[in-house]
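Both complexes below contain subunit A, partnered by subunit B and then by subunit C.
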Partner chain A sequence: MEKVMSNKLVIALYVLPSLLLIMGIIYMPIVLTGYYGLNEWNGIGKMTFIGLENYKHLIQDSTFWSSAFHSFELALFSGISLIGYLLIALVLSGKIKGANLLRKIYLIPMLLSSVAIAQLWMKIYHPTNGVLNTLLMSLGVDNPPAWLAEPSIVLLALFVPIIWQYAGFYILIYYAALKNIPESLMEAARIDGANPWQIATRIKLPLMSEVIKVTIVLSVVGSLKYFDLIYVMTDGGPNGASEVMASYMYHKAFRSFDFGYGSAIGFFLLLVCLVATYLIRKATASKETIQYS
Partner chain B sequence: MKVAAAPGYNPGRVNERKILQGTGYTLMYLGLILVALVQIFPLVWLLIFSLKNNQEIFNMAPFSIPAHPHWENYVNVWTNGNIAQYFVNSVLITAIALALTVLLASFVTYAVTRMRWKGRSFVLGLFMVGLMIPVHSTLIPLFSLFLKLHLTDSPISIILSYVAFNLPTTIMILLGFYYALPKEVEEAAIIDGCSVNTMFFRIILPMTSSVLATTAIINMIYNWNEFIFVNTFISSDKYKTLTVGVQNFIGQYTTDWGAIGATLMISILPILIVFLLLSDRIVEGIAAGSVKG
Partner chain C sequence: MSKNKVTQGLLLTLVLMLVLAGCGGKNNNATNAANGGNTPATDATAEQKVTINMMHLWPAGVSAQQNKLVNQIIDQYQTDHPNVTIKEEVLDNEQYKNKLKVLSASNELPDVGITWAAGFMEPYVKGGLFAPIDDIKDGALLKDKFVAGTTEAYAIDGKTYALPIELNISPIYYNKAIFEKYNLQAPTTYTEFKEVVKTLSENGIAPIALGNKDRWTGSLWYMYLADRIAGNDTLKNAIAGSGTFDDPGLVQAATEIQTLVEMNGFNKGFNGLSNDEGKAEFMNEKAGMYLMGTWELPNFTTNPDIPQEFKDKVGFFKFPTVENGKGNINSWVGGPGVGLFVAENSKVKEEAKAFMEYFVSKWGEDSVTTAGVIPATKVDTTKTELPQLYVDLLNELNNASSITLFADVQMKPSAAQVHLDMIQALFGKAVTPEQFATKHKEAIEKGN
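Right, the complex of A and B next:
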């Protein structure tokens, strides 16, 4: 048994192809991104080593800072919207008829590609023919805004389809976690006279803390690297008002052919994501693990 | 208003609470249905306008159904342009990447959980850290790497990237399942003179078929909707997938909303049909994929 299950050749055959693949497609590129960031390079010609120049430039680049700020805003919005998803899941996990059907309906937008969602919402937001402004005008609003063309509201207008896309996903995660809590615990609390609010805050939330942590990491890191929807809907516009870190990187590398600078942004994005993951994990670390099974 | 329940039995109070809960229940229920409507209405609107011509879209009420649905919108976009080609590419790339990912991930998970060797937790760690790496931070080096290997504008670059970036999630979902497999099966097989390979293909893979289906569905949703890799690596129409093809195609139809609607519907229908057929499995799969993180 021992001998068969520690056959080196079989282990190598099973593990090496995948390992080489993630080394070549994930890990080596990250190291290279860090290295390219130290160079001036148009992607095809000669690479010139310039040390930390790109990073110095990054610190002084106001467009970069505003794009980073927009990414942080999106992360903050997403973090806050988790509270809403949690409330919906709490209600849904109570004895509600059709809960299964509802959570399936909530999930549908999550299945669609960002391009389809972006195109659909561009039509919804269309200033004259979109369904939103058609409804607003029929309600008597004379000059409804051109949602995606106004710098002051474009980020919020982009955030609505993002919520729409991911709501079902987070509700589903919370719902699954709530359904894993044994009913006997709630029963006992009820007999002791606890009301629904106390049961939610004193029993359900503490027992879901691990899952809540995971969703905070997912939504914050997901927002920091958000790209597809913004790229299609506004391409960072109007006038950079919806530029985020990933779109700025893409524009610098694949439109301006400044691959060195683009790589510096890409590396910064990687660091921000890793630091955010670490900080959230640390800030939400519980001193004791709660077990109920 | 105090809602805290008294431990002692008090008929008047219980009655009052019941009424309160009744109204609360109805309000919560209405809220849940409202959320469901918000999730579903943009898609209903999309379906409706895909069956109208421009005149009907701009002059009729947004949710009114045309007397004579323009099914020819679908025929036109399918026959003019490359939608059929994009569709075939999407199916092939999605299927090949999915099959490779599920097989490779099964190999790795088997070797890591059931076989005995040094460094297996380190290798597993490498795959799990991959979960946190933003795709964008690898994009520039991957582009130049594929350029050097003459793999840009080739489906191979896309498939390799999908497999690498899907391996971590897939392994994560498989892990718990593999840990829970009973040891006795392996012992019996080895006593019968079974080799590791025979055991893996004849016994382990069939035993994990239900969780394999779950991971396959999650891979399918990701591969079908992926945008940034195809948009960056592929330039000729011959190899574009539906997501990117749709984006370019719509660029030619900026004014014909019916055609745009039909194109979007074609791009999302396969996923919606799979969802309608397998929704339970998808819902469980997404929950399993994230809760265990």
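Right, the complex of A and C next:
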């Protein structure tokens, strides 16, 4: 058996199908997108090769930079909210009453499709009939904001459901990681007189560090390419106030028929995500691996 | 059963309910999504089985009457042609536009689909995706049936690529009961109109229902003001590029939009609401007026889901004239609405064309009575009893001095996009009327 597995031909045979699939489904489109970005193309007619024109335009495009800035804000915001998720997971993993029920409650948003969530929150944010404004008005606020129509607050109004949507996912990851830590370690610490805070910061967090790194990458990259709720709830509006990189790419490619430019944005987005992943990996790299025993 | 089980059961039910609620209203979306081709029969002896894919934008929920009519026509056609199956895919307006572009990028258009006129369809035609259909236009069923000037909007370089099925003008619908309550008359001049806006706003009623997330809705208001202030040709020329958006009349129209916004003329949060949500303000009688194309007529006349009590309250008036303006009160924003196209690379092109010919002619006959929409083919109003609102608007259409095609349809896609973005910015007071003009000028000059 061992001999068969070390046969180069056999290895190739096993690896090839999935390699071809990944090449065709993931890497080919990336290369093609990069290539389209070098062309002027309306998506239907002839392509004209224009070299780096689209990328030059991209660098001078203020709308693109404001949408990129919005994406970074979202990344920062979700990065910070990870702390909240972590705290919730820490509490839930302790022996508190109703932890089971709470865990399920946090998980529910994850089971809904983005569009359903968007519809739900659009109802909540409705300027006159929405739950939120009705509540505010009954509390005596005369003129509550129209959440999705005011450029200064629309972004924040969108961040809330996005955070809400992913809460369950991250809490679940953290919870699983916490449950993986042997109870004996905590017991030993307790005998030594450690309080819950010390147990959390000295034992639990260091042991979870790998998982935390992964979630940081996931949430930052996920935020940079975020699209769905924003597309459904505001379509990047009003007046571009909630435009993010992915929605701007979509608008350029599919609304303005500028596939070349849209592809250039898409390729740029890919680079940004790669760089972000690399930087986070660098920044969080630890010299020693912490282990249980 | 332990307490835990009960909680779990309850939660599961809740989740299921939420999921089901999220899935509701989508049952119409057939699974033939990106399936542009057909399934040719293997049986060569019998008449060949043909499947025609049709994509349209009348979901049963928001366009009940049109949806009913489409299904009626399809059923009849399938009965008459047992070998033909017509598969429908239904999307709502904005989603439809998006999907059409995605499908065309991968060259998988439905066999028969819906398009808008002029600038909207140009890239598709230039890209060779729509089949020329002059033979059907001048064929036995449809020759001389179209209202003059309607098919021209679908012709590019002398060939017709789609056939219109609607002809629309856009009146301002208003709630007669609300107007009566505050002693208001349907205004004929802009000064009177502003008085109406002021009175309603002071009484805590949103004067105008508007969902400007979709942006073409706000464009209607700008187009009318431009027409009434600067005159019909000025706007047309500016869009065509022979004139300019710097024209003082056009800039003034943009200024008036912002004046209306400052007067609280539109319902709260309009820039964050879709057209359907904006319309709901009018339908729920929370807003006094609503400017929209005559495709909304069914909701005010024939749609059985809307209470008669509300329908009786709906009246309309023409967009008022502006003092010292160059516009004529009988000039309308509108034009042929949507039309049908046949995909050039459809595998069942001939069958699709035959179906389309049937569809357009049948729509012309039945749309009046079944759906209460105005077709692009000539209407004989003597035969049937029609709702008064419908007859009145049909008469207005016959008296129209000019019909200006919707700006976003007239313009080429990227300029149209700038126009729509600028409309939202203008309503949101994020640009000055001068910047509004400059951006338009730049976009039109860029020319694609």
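The working rule: the second predicted complex is superposed on the first by the 273 of 293 C-alpha atoms of A that agree within 3 Å, B and C clash if a C-alpha of one lies under 4 Å from a C-alpha of the other, contacts with A are read in each partner's own complex, and residues count from 1 in each chain.
Quick note on the criterion: a residue touches a chain if its C-beta (ideal position, glycine included) is under 8 Å from a C-beta of that chain, and two chains touch if they have at least 3 such contacts.
Not measured: the values here are computed from a predicted model.
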Partner chain(s) touched by A:Leu218 [first = subunit B, second = subunit C, both, neither]: first
I'd like to know which partner A:Leu156 touches here: subunit B for first, subunit C for second, both or neither. neither
First (subunit B), second (subunit C), both or neither: which does A:Ser18 touch? first
State whether A:Asp235 touches subunit B only (first), subunit C only (second), both chains, or neither. second
Quick check on the superposed pair: does A:Asp258 touch subunit B, subunit C, both, or neither? Answer first, second, both or neither. second
In the superposition, subunit B vs subunit C on subunit A residues touched: B
For A:Met5, select first, second, both or neither according to whether it touches subunit B, subunit C, the two together, or no partner. first
Looking at the overlay, what does A:Val275 touch: subunit B (first), subunit C (second), both, or neither? neither
Can A:Ile80 be said to touch subunit B (first), subunit C (second), both, or neither? neither
Who does A:Ala188 touch here: subunit B (first), subunit C (second), both, or neither? neither
Residue by residue on subunit A, keep only those touching subunit B in one complex and subunit C in the other, then list them. 43, 104-105, 108, 111-113, 115-116, 119, 254, 259
For a test of understanding, state which residues of subunit A touch subunit C in their complex under the given definition. 42-45, 100-101, 104-105, 108, 111-113, 115-116, 119, 122, 125-128, 146-151, 154, 234-235, 237-240, 251, 254-259
So, in the complex, the side of subunit C touching subunit A is made of residues 4, 7-8, 11, 14-15, 18-19, 21-23, 98, 101-102, 104-105, 123-124, 126-127, 129, 212-213, 215, 267-273, 277, 281, 286, 413-414, 417, 421, 424-425, 428, 430-431, 448
Show which residues of subunit B lie in contact with subunit A when the two form their complex. 3-7, 28-29, 31-33, 35-36, 38-40, 42-43, 45-46, 49, 57-58, 62, 104-105, 107-108, 110-112, 114-117, 123, 126-127, 130, 132-145, 160-161, 163-165, 167-168, 186-187, 190, 195-197, 221, 224-228, 232, 242-244, 246-247, 250, 257, 260-261, 264, 267-268, 271-272, 275, 279, 282-283, 286-288, 290-291, 293
Help me check something: in the complex, which residues belonging to subunit A touch subunit B? 1-2, 4-8, 10-11, 13-15, 17-19, 21-22, 24-30, 32-33, 36, 43, 88, 91-92, 94, 96, 102-116, 119-121, 123-124, 129, 131, 134-135, 164, 167-169, 172-173, 175-177, 180, 192-195, 197, 211, 214-215, 218, 221, 224-225, 227-228, 232, 246, 249-250, 253-254, 259, 262-263, 266-267, 269-270, 273-274, 277
